[in-house]
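Shared between the two complexes below is chain A, which pairs with chain B and chain C, respectively.
Moving on, here comes the complex of A and B:
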């Protein structure tokens, strides 16, 4: 299901979708150009988000966070189709919404690392995913962690944010 | 003069059979995980781990004495050194340091900088009181009991609880004299 179709299902007309940036207001539009937005989510194989982080330099806004979740959720269907067409784990950008791009990395266990970003630094994103994948493996090997449950480790959170600053 | 006891476990370590460290760590992790699921109470898990360690220790001491060529220790200080340098090396592949002796020489601390049992492990909020390596204290207690030393072992420092090393406090309660089941002149 594409994003515009999903928006239509949700009762949002495509016209609004097209003019979305205008309705956001001038100030936020400037924000988007100057600062980088990035939202990182890990989705378990059962389609449950197990880790979320707003890693961009834009001040966190609640409605923006909701929008990010919405876009990432919409991209899940595309990931589902794409994941089986390639043997690579890094799927590059799979979906876009205005100037926001969704890049996805699918692990062998079908856990999806999803990043919503507005930068065009593909190499950095690839390195970011690979390093987070390694951190995720460490979490997974922890005998006290139940696979598919929320990642609550603060150590993991700190490391992911540090990686985001380094690569994105 | 009796041959000197080996001061390092390297030779024994080189000759004993070994398993993959990750397999070992994850197997131990699976045991702890299952105990938490079965017993639910963290305190009960600690107790059970200690009991399991004890059962291992009472068997392991024979294996240790048979393979390590350690002769009889003259005092508790030597015993502690042998556990730290030979025992830990032989079965865990790491060595501990013995520090903080009290004046009577009956209690000391074994400090482990490196502990293969806890690779990957991070305690979640629900298991904060868990003494993850409690099996080790049980092993030492069981092994020493078989060589007629009653000991009490407590964890002082635990890296999983945020400390900088693992520290086991070993306290010698009493030395049980060997009892013979029959008299010589019977």
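Moving on, here comes the complex of A and C:
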């Protein structure tokens, strides 16, 4: 039984793994890294992106980044219709593209936190959105921040990436 | 051992936890700040209409933030999607948090540390009878109107407009004095006139 078949039986996608065989004495170990794609964008009420970050653990490729942005923008129409049908903030997955899923969290001021990802970890994604929502509130409460303008704080960027590593 | 009981200092504001918001500001501090705001704007404009517009813009910035913060804090992350929902949110939650404790007799309380306090909620939310898209919030003693000779209700109208606009209900909001017989001070009424698209969407959502 090969390693990839074993992993597939366990329900883990094998298409995106890299295997690193290491031998220690007589024993052979295989380390594998699970790589995930995730692109996170905050879009303001006027459909202008105010923050973007590639937060997956895959090395960023230029073509992939453009494609991610395109998919997220295309999902905006669906989000707009869906946002008025429910009073919840977390709209689960609103759109799919190949094996990538778009999940969206809409705040009270109609700022959309959108995540393009390939994992199925809904609870992790919901916690991620809630924590980023709190960070966004703190940025918004700054009286010198113009709502709807780009978020340029590097500390915010650091914290978002740390949250992504923690939950995604 | 002076610094032992000190509260934890955070390096960056993003690390500080969001406060739970039971804090109140003394009326004198707010009166001072608001009077400075009005006086500063008075030096920049030529007429009352322009002054009111500036006060409204100042209130708009407050409204946008108040909406997000209160939905997160008070309503456990539920958004408002219907017209009556957002109006009752403004009428109860926003008013309670912003003006919940009001000074009953303002003339001699400013010099005192203990403020006389009276709890109230905005008096009534009425639907204007002439047009389908108009609503009024009627207020007997609007806090900001104790300050000056003219109508500073434009600031509160700006707050309401900020809340509505950010929530996706664009509206024109104005503050008016309505004289009532039997009372020397006129009531202040905040008139909200919603845009066409709001009514269409409400009709579509049924």
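Here is the rule we use: the second predicted complex is superposed on the first by the 134 of 168 C-alpha atoms of A that agree within 3 Å, B and C clash if a C-alpha of one lies under 4 Å from a C-alpha of the other, contacts with A are read in each partner's own complex, and residues count from 1 in each chain.
One rule holds in what follows: contacts are C-beta pairs under 8 Å (C-beta built on N, C-alpha and C of every residue); 3 or more make two chains touch, one makes a residue touch a chain.
Just so it is clear, the model here is predicted, and its values are computed rather than measured.
When the two structures are aligned on the shared chain, A:144 is found in touch with chain B, with no touch to chain C.
Legend: residue contacts after superposition of the two complexes on their common chain; A:159 is shown touching chain C, with no touch to chain B.
After superposition on the shared chain, chain A has more residues touched by C, the comparison being chain B against chain C. In the superposition on chain A, A:134 contacts chain C only, with no contact to chain B.
Residue contacts after overlaying the shared chain place A:107 against chain C, while chain B stays out of touching range. Common to the chain B and chain C contact sets on chain A are residues 138-139, 141-143, 153, 155. By the touch rule above, chain C contacts chain A in their complex via residues 12-14, 16, 18, 61, 64-65, 67-69, 71-72, 77-81, 85, 166-168, 201, 205. Chain A makes touch with chain B in their complex at residues 138-139, 141-145, 152-153, 155.
If you check the complex, the residues on chain B that touch chain A are 22, 26, 28-30, 32-33, 36, 119-125, 127. Touching chain C in their complex are the following residues of chain A: 45, 83-89, 106-111, 130, 133-135, 137-143, 147, 153, 155-156, 159.
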